[in-house]
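Chain lettering (A, B, C and D) follows the sequence in which the chains are written, and residue indices restart at 1 in each chain.
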Amino acid sequence: MKFVRNFFYLLGQGIVGVFRNSVMSTASILVLVCCMLIVGTFGLVVKAINDNLQRVDTLNVIVAYINPAATDEDIQKMKKDIESYSTDITVEYVDKKTGLERLKEEMGSEIDLEMYLRDERLNPLPDTFEINFSSAEGAEALNNYINNLDNITDTRHKIGLVEKVNTASKGLMAIAVILMGVLLLVALFVIMNTIKLGVFARRDEIAVMRYVGATNTFIITPFLIEGIIIGTFSACLAYGIQYYLYTQVISDIVRSYGIGTIAPFGETAFVVGAGFLGIGLFAGIIASGISIKRYLSE
Amino acid sequence: MKFVRNFFYLLGQGIVGVFRNSVMSTASILVLVCCMLIVGTFGLVVKAINDNLQRVDTLNVIVAYINPAATDEDIQKMKKDIESYSTDITVEYVDKKTGLERLKEEMGSEIDLEMYLRDERLNPLPDTFEINFSSAEGAEALNNYINNLDNITDTRHKIGLVEKVNTASKGLMAIAVILMGVLLLVALFVIMNTIKLGVFARRDEIAVMRYVGATNTFIITPFLIEGIIIGTFSACLAYGIQYYLYTQVISDIVRSYGIGTIAPFGETAFVVGAGFLGIGLFAGIIASGISIKRYLSE
Amino acid sequence: MITFQNVSMVYPNGTAALRNVNLQINDGEFVFIVGKSGAGKTTLTKLLMGEERVTGGQLHTGKFKLEKLSKRKIPYLRRTMGVVFQDFRLFSNKTVYENIAFALRVIGEKPSVIRKRVPVFLNLVELTDKADRFPDELSGGEQQRVAFARALVNNPKMIIADEPTGNVDPEMSKELMDLLMRVNKLGKTVIVVTHEKDLVDIFKKRVVTIRDGEIVSDRAGGYADEIC
Amino acid sequence: MITFQNVSMVYPNGTAALRNVNLQINDGEFVFIVGKSGAGKTTLTKLLMGEERVTGGQLHTGKFKLEKLSKRKIPYLRRTMGVVFQDFRLFSNKTVYENIAFALRVIGEKPSVIRKRVPVFLNLVELTDKADRFPDELSGGEQQRVAFARALVNNPKMIIADEPTGNVDPEMSKELMDLLMRVNKLGKTVIVVTHEKDLVDIFKKRVVTIRDGEIVSDRAGGYADEIC
């Protein structure tokens, strides 16, 4: 009963604290929200990039040119050989006629390829295999393997590009993590500050409290609650903004650039929410805990 | 004499203030440095992108296919027409043989184009004009103009891509500006906080100062100096880090990706330095000014 | 019961504020502590309330052994005593009413009890009409009386007052002393540090005189003139 | 010369602390201000030092017209007077020496002068051996004496002391009063707010009695017994 009474009194004091020091509370919330949004946005963008990369089939392809001198049996055997290399790949035989037709489609009307289609001997293209693989890892080895087969004159692939894109998205994530770390530190400082200012503003009050027999718990609780409120509120706000940013802004950009598709927010909503709340509570509790503890132990 | 004596005393007090409140001073400096580095890095990266874009000639080209039925006079006349469209463009006539040679070079060994080179009638390529323009602006109109000329069957260009890249780098800059704005606000808050904590910690002292006849200037100056020191120090630190980031990290990335070249730091050193110092002093003076003013007017 | 046994107190800077003090104060006693400025009177009250710790000897009040009391128990020690400080120590951002109520709030008292007790004590120190003022809207004497009411409101076993009449006029002084007498009659221990010779002379009570940190006289009635 | 002309002072909360006060204090006079707690004594000193502003009438001290003094001039007003506050108001993070030196620092005094004057005043209040202490390492009476030294050190034309002896023993009380007398003999105006009947009776000086914000008596010698 006494405990409950005290709890509500102290909860009230914590809420009062948030408003009493409104400029600083605003600052804390601002910084925390920034921190969360930067993490969230970078994370979601990188995720979108990765999702899309996996869908861009043309990147995960090796085209192998077959020696014109190879016989049909040779070709059949080669196809088997390549297929047995790994279960993760599919091999398609594209003869030179199909190749030319595809080229014609791609080039459009301005180049007249009709005559080459009519007379097979004029077709400059070789027969090819198109080998689809699922992950860039090991693709280099696969490429070497194919290249060394008899009757394969050459291969073409974009493995380097895939790797570059991967590295770039990792780099982006690294920047996000660094930015986040720094901002989290800043957020911690700012909240510490806010709480510390609160403690300072009330240091005479705290001193007197101790003289009339208030326990440390009684003194600390309002500040902890202040930190928790700031953290939680920031998380909610950031979640709302992130939702808007994702469903409106990012999706819009992706769509208008035709860069790819983007997963609905719902898929990651829980992770984002939990992450934000985690950051908020962590920052709020740690910061207020540290600043008041240090003061009381003085 | 009295003024000079006072000045040195107050300067000393300001320096003492920075150290007395070292945790908060550190926080302020941290935030300010972050703010500066984000602005600086984004700015420099965007500049590098723009610099490189201008150098990528292949993007600023329209290829116009000429009707095979056109006579040499038609072609000469067309060339003149196009050249007279604007002084900012250059027009090159590429006949189908040259085109095929270029193609052969590009394709490498695996496709045998020899026979097409030997017999001109087999050459599937049309004659073309290559029109170089300097800015993406107006390129669309130019393209339309060329397309509508008699004897031009079609054009190819990457104007859309240029625009996309431009938009992307503008987007990047916009993000930088927003981030910077927010961080600057945060930095302002944090410094205000630092100074405010200082004012709070010394509020009894300030009250007593006023009782013994200290003027407002005498009371305010140490806090202003504190702000200026924090701002200046942050600017120097950020400049150092930016220098390292630019000359080592960014250049390294650019080089290893082979994305393009990058201007030496010296070219922008002054702008960066002045910008950082400006941000630092602005934040330092404004923040300390506001927080102490508000306190004194209470 | 309070017992000082060979108590000494040396401040970190080396000042020996109390030396080898032996003193016993029984429950329900009324004691004046007198002595020159800097003699160690305030130090003695600080020891009693656990603000400073003895550096030698033993000090017990009730069940609390102060020479080895853990920090976490100090709040409970303080709830057994009401203290009036030389510099009041009021909450500057709480009204007079809230200042007094806070001593009850801290011990988790019911709001209904708080609403009943506070006005009684406000009336006792003649501040009913200033209940909603903040401390800096009060005169020095008025602040001292608020401190008085706060010390008494949670019905402590012991009252310690350091110069409780330093800022009030002689008439009010006498009234506050009378109040302490009445409180004492209710069975509470009262310890008063004071310089006011007149008062000490009027109330024939036990007087402990401190000089340079030592007890030099301990007897009933009258200010020890030869010392000050 | 200080002149109060129909001065009244009503606090923002409506308390009329002073009503229609007429008073003239000549340069070099020594005046006691007495009266019950809450009578308006401290308010009167606050008006003199520009901490509060008159809400009616005119108040002049020297060349300063306080009823219309701009905020920016207040520091210069305060440099003409040394004030000893009821609650000391020392710098808690400055040593005794620095506390006293600060009053000189504020007016831009030369370090050489500061080094010469401060020890003299430390000696005057018998605190030479405690020069390096911080205020909270001092007893109440010692703090009051530091405040005294600070008020005197920059050689002001006027000294205002609010309950300067509230926290010191009778002997020290007398000594501090003697000090004020000496200062007065040097030609300085001295205004002392006090409750100490004894002192007022001993020094046969002008006594102004305030009751409920009004001056009810103004005569030489002796505490106005009938009033308090």
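Side notes on the structure shown:
Following the convention adopted for this analysis, a residue touches a chain if its C-beta (ideal position, glycine included) is under 8 Å from a C-beta of that chain, and two chains touch if they have at least 3 such contacts.
Just so you know, these numbers come straight off a predicted model, no measurement behind them.
Using the contact threshold fixed earlier, the set of chains in contact with both chain A and chain C is empty. Compared with chain B, the chain whose C-alpha mean position is the greatest distance off is C. For the pair chain A and chain D, the distance between C-alpha centroids works out to 69 Å. With centres defined as mean CA coordinates, chain D is found 28 Å away from chain C. Note: centroid distance chain A to chain B, computed from Cα atoms, is 24 Å. Chain contact topology: the protein chains form a single closed ring, every chain touching exactly two others.
Chains touching one another form the pairs A-B, A-C, B-D, C-D.
On chain B, the positions that touch chain A within their shared complex are 23-24, 26-27, 30-31, 34, 38, 65, 108-113, 115-116, 122, 124-126, 153-154, 164, 171, 179, 182-183, 185-186, 189-190, 192-194, 196-197, 200-201, 253, 257. By the touch criterion given at the top, residues 11, 13, 15, 34-39, 41-42, 86-87, 133, 137-142, 145, 162-163, 166-173, 195, 197-198, 228 of chain D touch chain C in their complex.
Those residues of chain C that touch chain A in the shared complex are 49, 51, 72, 74-79, 83, 85, 89-94, 102-103, 105-108, 110-111, 150. Residues of chain B touching chain D in their complex: 2-3, 5-6, 9, 202, 204-205, 207-216, 218.
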